[in-house]
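Letters are used for the chains, namely A, B, C and D, taken in the order the chains are written, and counting of residues starts over at 1 for each.
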Amino acid sequence: MSLTPAGKGLRTQLFHLIFESDTPAAKTFDIALIIAILISVAALLLDSVEAYHARFGTVFRYIEWGFTLLFTVELAIRIYCLERPWLYLKSFYGIVDLMAIVPAWLVLVVPGAQSLVLIRILRVLRIFRILRLMEFVGEGRLLLDALKRSLRQIFLFFFSILMVVTLFAALMYAIESPEAGFTSIPISIYWAIVSMTTVGYGDIVPVTPLGKAITVILMLIGYSIIAVPTGVFSAQVIRSIRQDRYSDEACPGCGYDRHEKQALYCLRCGTWLDEYSEDPRKHESSTENDQDT
Amino acid sequence: MSLTPAGKGLRTQLFHLIFESDTPAAKTFDIALIIAILISVAALLLDSVEAYHARFGTVFRYIEWGFTLLFTVELAIRIYCLERPWLYLKSFYGIVDLMAIVPAWLVLVVPGAQSLVLIRILRVLRIFRILRLMEFVGEGRLLLDALKRSLRQIFLFFFSILMVVTLFAALMYAIESPEAGFTSIPISIYWAIVSMTTVGYGDIVPVTPLGKAITVILMLIGYSIIAVPTGVFSAQVIRSIRQDRYSDEACPGCGYDRHEKQALYCLRCGTWLDEYSEDPRKHESSTENDQDT
Amino acid sequence: MSLTPAGKGLRTQLFHLIFESDTPAAKTFDIALIIAILISVAALLLDSVEAYHARFGTVFRYIEWGFTLLFTVELAIRIYCLERPWLYLKSFYGIVDLMAIVPAWLVLVVPGAQSLVLIRILRVLRIFRILRLMEFVGEGRLLLDALKRSLRQIFLFFFSILMVVTLFAALMYAIESPEAGFTSIPISIYWAIVSMTTVGYGDIVPVTPLGKAITVILMLIGYSIIAVPTGVFSAQVIRSIRQDRYSDEACPGCGYDRHEKQALYCLRCGTWLDEYSEDPRKHESSTENDQDT
Amino acid sequence: MSLTPAGKGLRTQLFHLIFESDTPAAKTFDIALIIAILISVAALLLDSVEAYHARFGTVFRYIEWGFTLLFTVELAIRIYCLERPWLYLKSFYGIVDLMAIVPAWLVLVVPGAQSLVLIRILRVLRIFRILRLMEFVGEGRLLLDALKRSLRQIFLFFFSILMVVTLFAALMYAIESPEAGFTSIPISIYWAIVSMTTVGYGDIVPVTPLGKAITVILMLIGYSIIAVPTGVFSAQVIRSIRQDRYSDEACPGCGYDRHEKQALYCLRCGTWLDEYSEDPRKHESSTENDQDT
């Protein structure tokens, strides 16, 4: 990142503490932050339970405000020790940092009595703090690599599913009566996705024989079509793993180009593969006879 | 396609505009068509919701007729600028084009008062317009390739599933009472597919201990048998990707064209494949040669 | 099979007609048999529907008896034209043939008034006729091959599932009250399998918070553990396909042993691979210089 | 294991009988133990069914005490014939052995009238005896190997699922009313996992249009994200199988031991690998040599 700290001294030290994780202090900071996020999220979860809210409501409110202040101070320090704070605030983790504190402050600003639903949503949005943990997940580069390469096919897959689902939903809307729950095509689409993804809540269920026959087809499609993204993704993961193992460079002797990365000699003709250093054998053989690749 | 336009002038220009997508004008036409289809489908979906139908019913009717006229005119132009319109109308996209407008016109012709169900189905069939989007999805050739090669095994898979399902359905029909919902074998088949595909609506559920034991077996079969199409399809996708490993160039000696990229000699006739360098055998054998390789 | 026909003449001709499928007459016989099985099964299915049984009950009974006689005569002919009929009757298809007719005859013999349930099961068992279709499915050898090689691991998988399921079922039986449906450990096992296979009927559902927490773990295990048989089977299918493509024999020239089956020359050193015939190049080169390769 | 028996004589003989399985006597002991475990577990399962408990309660109690004594004696012998019994008791199988008998004895010690729930759990814990069967499952090394290598990615997968699930649960808690069952965020998390794993009990179901729309997204994520662990695991199983492709023999030159079976030269030091034939390079270079290969 080009977010390197501005001056030396305190700012640089804070930068290393907060943005890096290679010193013992920075590691301690990371772990403390993870624990803070987890406690803050746990408090949110438990506060939503009526019984706990009644008994520990004020405790939860104190915890909530403590962590909101903590995360606010932390963000302030992050901004302080960066050369170009805007670049950070516009980045993914910057937005997540903001989402972790803004809803809590908005609750204060927005007059609560007027719109309880808005307050409720704002309070719940604080859960997005959990996304801050993503920073610590690390790479998973192999998965992302495979995902990126299957992206186009996965998009095609979802698009096909939506077309199939819309057609089946419209058919079922025409066949089944509103009493069975098929009151509109959008509701039928909801039902079709519930059925095709094999979730099957059972809140809407076909009742006519024809509707059941069509449902059977939809379920069989949903059951077997899952093989498509799985197959594509499996293939891409296998490819990602394999490419990790094989070098791209071909043997200068025979052109064979699927050597494992650690190979020093061609497995087919024994040619020395590393063009930047010399074949140790060369030296040995030059004493008696001259070069033998 | 052999649907090339008839004369020069307007027809040819329209042909390029509608059937191709390599000029800016043609691309604009494509995007406009996609938006028209999406709006038309969205109007259909929303019109099926009672509340929206009551309030915006007439608006939806105007939108509907507008797009029906638009698609009709578009199809007329398509037919006009083609040399052999029948060939197009009999093709997949021709049929989809017809299905996008014919139901709307039929609603006018068929006296609505007589069969409301028919009208309802006709109106819903207009949803098939969504299939017109398939034209823009493009190839997905890799997937189709893998699908085609696994077709026979997927058919075998479905056939086996239907046999297993029929047997379990008949057993459950004999064991469970009609009160539990197992009123006939076809209904039991519906239940068996709901269970085996792991959808599990819960509208029909075994009640006797023996019925539950048999259900357990059916569910375990359904749960694990999904590995079969997934495995087959994965293997085929991997194979499709791997064929990238094969060189496209044909052997100058015998024309065989599925050599692995690293092949030096044709696997069929032994001809030296690399046209940019010389066969080492040639040199050796012409000078003196003893054993090479 | 060692079931070759006894004498010449009629028996041999019948044998070729019934047991083989390489003459036009034999193929016609096969197709007629398939249609007969399908109609007979369809009649069984429809007869189980109350409404159809009331209206077409006698028709179904005639169809039933017609096909029972037909299949009985067919089995008699099969036995007649075989040298060792017992070997056939003890084979898989022989047992299926018997199961297709024995229940129908038993209905006559067993006094129906005494045990209606037995009659019901006997009538339903006639559905096993559908298994006779398996004879026409053919090989699917690749799938069976892969299945056979993953068998041990699939058994391990099922055994592990059953252990996990039993432990979770016992826990839930202790935690949840009988009112929630967890009336015994066997019922809890039924619930655990319904949950783990992601079927989720919803007939038995956890109600206590602790029960829900344990259910969440069980569902996540079930959701992700499916990767195990799928992964194993995928790997085996890929291996089956690959082994189909590569020859087992190594090049006599350089020892490379992963040639595709149709390879005539080694892709690495150009050596002639087929030891039973002569390299066509040899002849050509012998005119000027002697052997290369 | 370093649990070798102490002295000769009886203890050594018992050790071979109980801890090994290569003599006929030891095999008989193993099979007897498996049968004992299965009967004991079956008795536990059936005893939990009200009807059986009423009729055969005392029989089950005798069976229970019989097996508890048997397993206690067996454990005593195991401890007796080991040099360092503590090492065994602290191992996985030692703990399982203890768990198989301790709950039964605790039932005696703990006064039952006071805490029926505790008794109930203790009695159910005896089911852990089933884990003793794991000792006989054997290796499954290939699976464990693949599992171990995908562990990190599977953990990442579960962590991502839990984040997604928490976010969706919080959203649904804000959108849906408590009447629909979304009474708290933890309950919503239970619902979200039920939906995402495609279990879909149907005990809690979205009722608002917005809630249904969000559910649709969650279900599609759950439906397709299963491809990730499956893909990763498939790839790892394939890799495990492929390692069969590598030769076991180490290079005589440098000791490197992961050569592909077809390798002729060591990929690390270029040494000729096949000890039964001579390196073609040797010959060429010793005679005259210009370029080889």
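Quick notes on this structure:
Throughout what follows, a residue touches a chain if its C-beta (ideal position, glycine included) is under 8 Å from a C-beta of that chain, and two chains touch if they have at least 3 such contacts.
Bear in mind the structure is a predicted one, so any value in this text is a computation, not a measurement.
Comparing the CA-atom centres of all chains against that of chain D, the greatest distance is found for B. Just to note, of B-D and A-D, the chains joined by more C-beta pairs in contact are A-D. Because chain B and chain C carry the same sequence, their contact can be compared by residue number, and under half of the numbers here are used by both. Look at where the CA atoms of chain B average out and do the same for chain D: the two points lie 40 Å apart.
Between chain A and chain D the centroid-to-centroid distance comes to 27 Å (mean Cα coordinates, whole Å).
Residue positions 186, 189, 198-202, 222, 226, 230, 232, 234-235, 238, 254, 268 of chain A each touch two or more of the other chains. Chain contact summary for the complex, chain B toward chain A: residues 41, 44-46, 48-50, 117, 120-121, 124-125, 127-128, 130-131, 133-134, 137, 140, 142-143, 146-147, 154, 157-158, 161, 186-187, 189-190, 193-194, 196-203, 222, 226, 229-230, 232-238, 240-241, 261-262, 264, 274. Taken in their complex, chain A has these residues touching chain C: 198-202, 230, 234, 268. Across the complex, chain C is touched by residues 153, 156, 159-160, 163, 166-167, 170-171, 173-175, 183-186, 189, 195, 198-202, 205, 209, 212-213, 215-216, 219-220, 222-224, 226-228, 230-232, 234-235, 238-239, 259-260, 262-270, 272, 281, 284-286, 289, 292-293 of chain B.
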